[in-house]
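In order of appearance the chains are A, B, C, D and E, and numbering begins at 1 in each one.
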Amino acid sequence: MILFYAMAIVLILSAIFVVTAAKPVYSVVGLLAHFAALAILYFSLSAEFLGVIQIIVYSGAILMLFLFVIALLSSGVAAFSEGPNRLPKIAYPAAGALAVLLGFLVFAAGKFHAAVPAASKAAVPPVGAANAFGSVADFGRALFTVDLLPFEITAFILMVAVIGVILLAGDATPYVPVRKRQRIVDQEMREAVIREGRH
Amino acid sequence: MTHQMGVTGSYPLILAIWLLPLAGAVIAWAFGPQLKRQAGMVGSAAIGLAFLATLASWGAAMQNAGGHLGAQQPLGSWLPGFDFGLLLDPLSLIWALIITGVGFLIHVYSIGYMWTDKAIARFFAYLNFFVFAMLTLVLSDNFAGLLVGWGLVGLASYFLIGFWFFKPTAVAAARKAFVINVVGDVGIMFGIFLIFWKIGSLSFGDVFANVHALDPWLFWTCLFLFIGAAAKSAQLPLHTWLADAMEGPTPVSALIHAATMVTAGVYLVARCAPLWSASHDAQTLVGTVGCLTALAGAILGVAQWDIKRILAYSTMSQIGYMIMGVGVTAYSAGVAHFFTHAFFKACLFLGSGIIIHELHDEQDIRLMGGMQKRTPVAFYAMGASVLAISGFPFFSGFFSKDQVIYGALEHGYTWMWAVGLLTAGITAYYMFRLFFVTFFGTYRGELPPESVGVPRQLHDTQQEPHGSNEHAPSWLMAAPVAILGVFAVGAGWIMMGTGSPWARFFANSFPHETLPAPSVSELVTSIIAVAMFLIGALIAYTRYGSSTALANAPARLKSETEKLPAILVNLYYFNELIGLLFVKPAIAIGQFFSRTIDPHLIDGAVRELVIASRAVGTFGRSLQTGLLRGYALIVVFGAAAFAVYYALEGAAR
Amino acid sequence: MPHADLLPVAIGNYIGLSLVIFCIGIAGVLLRRNPLIMLMSIELMWNAANLLFLAFSRAWLNNAGHIFAFLVITVAAAEAAIGLAIVVIVFRNAQNVDVDEVALLKG
Amino acid sequence: MVLTLILLPIIAGGLLFLLPASDRKFSRTVGCIVAAITFLLPAFAPAGGAFTARWLSRPFTAAFHFDWSGISLWLVLLLALCTFCAILATNSRESRTMIALLLLLEGTMMGVFCARDLLAFALFWDLMLIPPFFALVGWGGHRETAWRYLIYNFSGGLTLLLATAAFGIIFGSTDVIGGPAHSLIGGWAGWIFAGFAFAFAVKTPLFPLHTWMPATYADTPPAMVSVVSAVQSKAGLYGFLVIGLPFLNASMMEYKWVFIALSLASLLYGAFAALTQPDAKRVVAYSSLSHLGLIVLALFSGSHVAYEGALIYIVAHGLFSAALFLILGYIEEREGTRSLKRLGGLGAWNPKLAGAFTIAALAALGLPGLAGFAGELVILAGVLRNGLFWPAMIALVPIVLASAYMLRLLQDIINGPPAQDLPERRDLTLVEGLAVAPLLLALVLLGIDPHSLTASIATFIGGLR
Amino acid sequence: MNAAPLVNPFGAIDWTAVVPLFIVGGVAVLVLLADLLTRKPNGSISTGIGIIGLAAAGIYAARAVPFGTTHNAFFGGFMLGGFATVMQEVIVIAAIVSLAIVRTNRNPQRMGGTVALLLWATTGAMLMAGAANLMTIFLGLELLSLALYCLCALGDRASSRESGLKYLILSSTASGFLLFGMALLFGASGSITLGALASPALAHDPLYWLGAGLFLIGIAFKLSLMPFHIWSPDVYEGAPLPVTAYMSVVTKAGTLAVLARFIFAAYAGGSADKLLLPIYIIAAISMIGGNAAMLAQTDLKRLLAYSGIAQAAYIVAALAGGTALGVRYAIYYLAAYTFMNMGAFAIAAVASADGEEGTHLTSYRGLAYRRPWLAAAMTFFLLALAGFPPTAGFLGKILILSTNVTAGYAWLGAFLIAGTAISLYAYFKVVRAMYERPAPSHPAPPATAPAMPLAYVSITVCALLTLIMTFYPLTPSAVLPLIK
């Protein structure tokens, strides 16, 4: 219980840190903390396998990927800084929408206690046993029987990721700087409008 | 009496009467370019043959088999209730005789009158077509057919008034005549609808046998029918077109706007005698209108200078008499006046046509004078006709007019009797005025028009356009005038006395009433009428005919022109009133509709819809800022809305 | 509630926690202009869902939630790879790594 | 056989596009032959021959069911005749395209008038909008007008679609036109009626949905507009007649005062507006609004006599408006203007043109002896006979106005002194004359004897009760 | 369930059900191999193999499961029979046409990978068509989406990458909602099968409502119903033309299958009318808004994006009420939409000048005079989209309207009518541009016609089918026996 609340605080604070960090590298660090705390919560929910996966895949692989990209983009001539804010006022409506969203979600979720019927407590295998709920064996059996098809599909997904990234990375044509390009487009649009005769 | 119309069975000769003029019209129209002047012969021949056929049908029209009067020829049906047919009974016979007989004379006259006009074939096509239409009107045995004829004569009149269609005044006059006549058509139409609604049939026989089925709409039926009659017969307040109609060639004025078409209203009321006899209100209405028209027309006749317009107002006035006669149910008197009027008025018009011809299309009597020597035929014929119309004893008009005036008294309308007598005096005055100014004195045509009071512009527009100075054989025009003059003198003799041929002729046609003898006898009426005639003629003589008057005629005419009361010069402001009440509002409404409501209100509303849709589109476009966060924000907004709905709905369960 | 005793705390806490994290993730997507941080915020959102899956899985004693979370992680990895690749090709030569600079397409 | 009527013009029209655009003679010959066939077929076999093919069995029964017997026959004949005349009168730079469009229009409208199934009816209803649209876009680029025409009418087509769907669901079948009458009642009937009525009212048009019409009639090339105004505008009235009366009679009678009021508004509105238009074609356009309002009045009067009059007037109006627009087309082609202020005195040099114009205009103003009069008279007699005193009374006013605006049109163009600044042109050629002659002849014949028309509708009316 | 006995685990798996998926996925690998093995990269080989593979999968799918029988594979994770097969066919056809209109000579060296990605995307969409539990739904959706992110970003132009980025971020966010919703649904029902959602007890559970709401946000996003449509115009414009064409149909088809299943589950559980009301409302908004937004567009792809928004909303309207006939007509309209939309895109592909995607409306000006048949076909497709007869769009609208009337959603029908009226203007804007004579001062773009025989075949087939479907309504029961 204390664990949950502690982790909850960590999770929220780290999430806020991720979102508010000045530099992406800090965000990655925040995210790392977030994932670690999550993994701990997963363990407490008797999802040992998922906890491990969370650390390995998320923290180990995905976050590394982020770091690589940060390094890639900030290296060389390009300065890693932000340009002019074109939606400076977005914070207010965004905050409003978020408040509404969160408020009503929590409001509805708050009614949940009384709503869900109690399930049977029978046949609960002991936590920690080899065959127990959330164990690798339990997980694996489900993955290769009931949920075999989703598992197979992940193969395609990963293949898409691989081939897609290869193709994308192989694309060497430079991206024309936005503002310069913008002028050209604006010019074209104006001409088009004139030709159209304003309809 | 029973109201069965026509002896059952068919009488094909009516078809000949009816269709011969149409054939003439078609031939003249189709072969106009080839026929040229021969079209006049063809047209006259067609009418002449029709006249002969009418004469030959006399017996059939007079036959009376068990209450069925006249001869009948069915024609076919549109749908139940709309059955067509022709009927020749005494009433239609008398009209058909005038139409074809007087029509024939006018046709012959026209050959001479239109001799030099390039479009003479077209003229005869129209003229024959008119006769056909008029015969349709009077020969029809039902209201629908009558209405067809009613419309067609209006059309023919329109064509003939606008015959010189390059004259803007003629075009305008034609349009005016047609539109006012359509007002009348619509009135008749509505009367017909009422009849059809209440009786379910339109044939005269069925309707007159069930007059009481029309209650309580009987008066309204009569009223609507009379609107048609008033428009066609130029009764107040629908009279304004008649004077303008003088823009047409003079024979047209004689045939259509004097002898026949304008008397269609008289025919209608006479034909619907069973309706009028059953409705006292309708009698009062029609009698009053006729009486007032007679007076108003006569007064206007006093103030005119155009020879044809004087005759036009005279026609209006005389038709007022006829309408008054038939209106007060003195049917045979009204018809009698139609009969005599056809002769003397046609004669007057044709005579004036000779003068106009002689003077190369001059119509203003102030610019005439001394025509006695130049056009002797016209002088004598018109002289006889003037006497006839003024009610000189034993000329035709004397008999018929007295019958009408006395008829009003007989049916209890004393004031109409008085007004009728007064009008008789005025008639004598203006007719003799015309006569003296035109024929006596010296010719004033060489004087500058201003010196006799003729405004220059007016003068230029009022001429009839003829081509060259080439003249037709003079007998072509003289003979018809002379014949008509003879009839103008003698046509009334058949009406002399109580058991006259005229009375016997209509013995079975009209509802009979036994009336108490009025306080003033017929003889006294006649004497008063003659006195009125003498007074009127005397005043005219002292003003225009005496040697002192003739001596300084131009100056007199000029000063008189200037002194004419404005209300008479402007024809009681009727044209202005109609313009103000109907024409201008209609145009204003039309412009308001098409310039304001259509583009701004209705299209405006639709355009607002289009603009609104476009605004939605543009709004959507403005949301597409291209900025990723903006898009995300919109998605989140949507999500928030969803969350609100689902949270509330879910929590409510 | 199902198996309240199996959970360290009441299930509502998990729901609330994940909702908060989820919304923080949304806020990140909305407010940050750095595409990398946006991607990370999306990861936050997905992980919030994952947490919920696992909590419910435990509550219902149904390991379908585990499988689901596992697949989500897999997909997230693929998505991150592709996302980062696209970010790289978009911003490789750009002055600023900033999504506000990317607005060729609009209207 | 009935398919010939629909498909032959469509196929022929499509094939004409294969010809070079400069072609004139061949396409006109083909067009005339096709139109003549479509006229002669029903003329010589008035009993018709039904064609049926299954279409839908769910959610309601629908079939491709076509037939030309009954009332359809008259509209089919009118359409074929008007198309024939319009094709004969076509003589512009792009004759080939115009004739092809005319044939397409004919085929699609044949579909509307021959359809015995509501769905097929709706299908062709939308389809017939396209040829005029292209005619508007292609000739002089009257974009705004083209849009307005399309948007208004297509909106009508859509509500027609919705109503058809609802009708099919409620009734179980849409294969009903010409079948036994069965008046829908209940909550849906009103909505279904509203859908149909909106479509028909736009098409007719009825005030206040008419604003597409003056511009469309003014801007569409004369050959096309003669068919559009003469026949296409009748589609709505035909719809009221064959769909409204037998199947939605209850609703029609329920809302009859709304439509009577609207029809009277149309009558007066069109007449007043026509009085002041400076453009000759617009005068005729507004007069159409007025005239067609009369037919709507007849259809909602509930009087069988008025229905008979309505059919007479439908055909009559088709004939004289086709003739008027063709003749105005000739005049515009000759003088290059339609302005009543500029035109004048044509009668002096073009007597044949003037004669034809006069007959057509007189028919339009309801001259006794011509077909328009027969329609007017019978309609109003029927309307009053059903006790609608004031509507009949008010409907008389436009008749007077009609004479005023029609004479204005006629006289301003053919009478008066010849306009000095306009060229003198030749009179009607033989072909041009032949193009209007059948219309005028039919006007006269129907005016004298509309009995065959009333006989055919009498059987239809007999089936109503 | 956790203690499910391990008796013959593969018995209930039934591989035959997913053979079409694996054919498509496998052919993608084949394409990569072929691309690798050919010395000089040639796009035609890749597209050729892809089309053949898709056709094979399509034919197999049609023959595998007798129509009308519900075929349950992978423990309720994947369902065949019913509309799933038809949806798969639609997806396959759309994919084939998309491949047919690929300009193969543009980027030959990347063609193999592109085709493979497109095939995998198709796999994902086909999976969605049959997906019957939340997991397969999610995976199908993500497989489709991930491949599409790449495909979008793979275009030649700068805007392609931008579109890829926007699509990725927004779609992932939406997936977050979807996922969260799924988690809540799982929490409410204790199961990830859609069938479990049909329990009436759930109707009283706020968690279920919340989950359904968030789930539907994700669905609405993929269907691009307003206001969740915001991504699609930009992405459609930026993506390469064949990909846009593909997205416009396949994404919608797959998502609609999911939505249909969800709607059926919801109606089985009761109180679905209220549950789904927001979807119907945003469908109504989309009908008006999507069509109105078309008015302001000058780019054909953007215009068709908005058109797709409205068209998808029409199909949702057909599903409203959850009647069996409604699904039937939704499928009918989807098929019709596929043909008309793919036809329009195919024409855009053919008409655009070489090297530049001429999708701006100005480049269509005077097309009727340069390529009359192409313009005529385009007119036909646009008329079909507007619902003009004699096209499948017309009949489809009738059927949807009648469904609405039957199901008590006549107000949706009214919106449909209003939206269609607006759309007419927009579609005819294109038509008008094509039939306007080009201004002499503005020379027509060079009419280079690269050899794209397959595209022409596609146009012809689409046009014919759009026409024929008017007269012979192709319902699944009518078509599938023909293939067998």
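Please note the rule applied: contacts are C-beta pairs under 8 Å (C-beta built on N, C-alpha and C of every residue); 3 or more make two chains touch, one makes a residue touch a chain.
Please read these numbers as outputs of a predicted model, since none were measured by experiment.
Colleague: Give me the set of chains touching subunit D intersected with the set touching subunit E.
Modeller: Neighbours common to subunit D and subunit E are B.
Colleague: Can you figure out the chain closest to the middle, judged by Cα centres?
Modeller: So the chain sitting closest to the middle is D.
Colleague: What chain is the most remote from subunit E, judged by the mean position of CA atoms in each chain?
Modeller: That would be chain B.
Colleague: Any idea which two chains share the most contacting C-beta pairs?
Modeller: Greatest count of contact pairs is found between chains A-C.
Colleague: Any idea how many Å lie between the Cα centroids of subunit C and subunit D?
Modeller: 65
Colleague: I'd like the Å distance between the centres of subunit B and subunit D, where a centre is the mean of that chain's Cα atoms.
Modeller: The mean C-alpha positions of subunit B and subunit D differ by 36 Å.
Colleague: Between subunit A and subunit E, what is the gap in Å from one C-alpha centre to the other?
Modeller: 26
Colleague: Two-or-more-chain contact residues of subunit C, please, as numbers and ranges.
Modeller: In subunit C, 2, 11, 15, 25-26, 29-31, 33, 38-39, 50, 55, 57, 59-61, 63-64, 67, 71, 75, 78-79, 82, 86-87, 89-90, 99-100, 102-107 touch at least two other chains.
Colleague: Which parts of subunit E, given as residue numbers and ranges, touch two or more other chains?
Modeller: In subunit E, residues 2, 135, 139, 142, 146, 149-150, 153, 158, 161, 165-166, 169, 173, 187, 190, 204-207, 209-210, 233-234, 296-297, 425 touch at least two other chains, as defined above.
Colleague: Mark out which residues of subunit D touch at least two other chains, giving numbers and ranges.
Modeller: In subunit D, residues 151 touch at least two other chains, as defined above.
Colleague: Among all the chains shown, which pairs meet the touch rule set out at the top?
Modeller: Pairs flagged as touching, ordered by label: A-B, A-C, A-E, B-C, B-D, B-E, C-E, D-E.
Colleague: Considering only the defined contacts, which subunit B positions touch subunit A in the complex?
Modeller: Within the complex, subunit B contacts subunit A at residues 625, 627, 629-630, 633, 636-637, 639-640, 643-644, 646-648, 650-651.
Colleague: Tell me, which parts of subunit E touch subunit B in their complex?
Modeller: Of all residues in subunit E, those touching subunit B are 165-166, 169-170, 173-174, 177, 203-210, 212-214, 216-217, 220-221, 227-228, 230-231, 233-234, 271, 274-275, 277-278, 282, 288-289, 291-297, 306, 422, 425.
Colleague: Can you name the residues of subunit E that touch subunit C in the complex?
Modeller: 1-2, 134-135, 138-139, 142, 146, 149-150, 153, 158-159, 161-166, 168-169, 172-173, 175-176, 179-180, 182-184, 186-187, 190-192, 207, 233-235, 237-238, 296-297, 302
Colleague: Residue numbers of subunit B touching subunit D in their complex, please.
Modeller: Result: residues 76-79, 81-82, 144, 147-152, 155, 158, 162, 165-166, 168, 171, 174-175, 178-179, 182-183, 185-186, 189-190, 192-194, 196-197, 200, 586-587, 589-591, 593-594, 597-599, 602-603, 606, 610 of subunit B touch subunit D.
Colleague: Okay, in this complex, where on subunit C does subunit B touch?
Modeller: Of all residues in subunit C, those touching subunit B are 26, 29-31, 33, 38, 99-100, 102-107.
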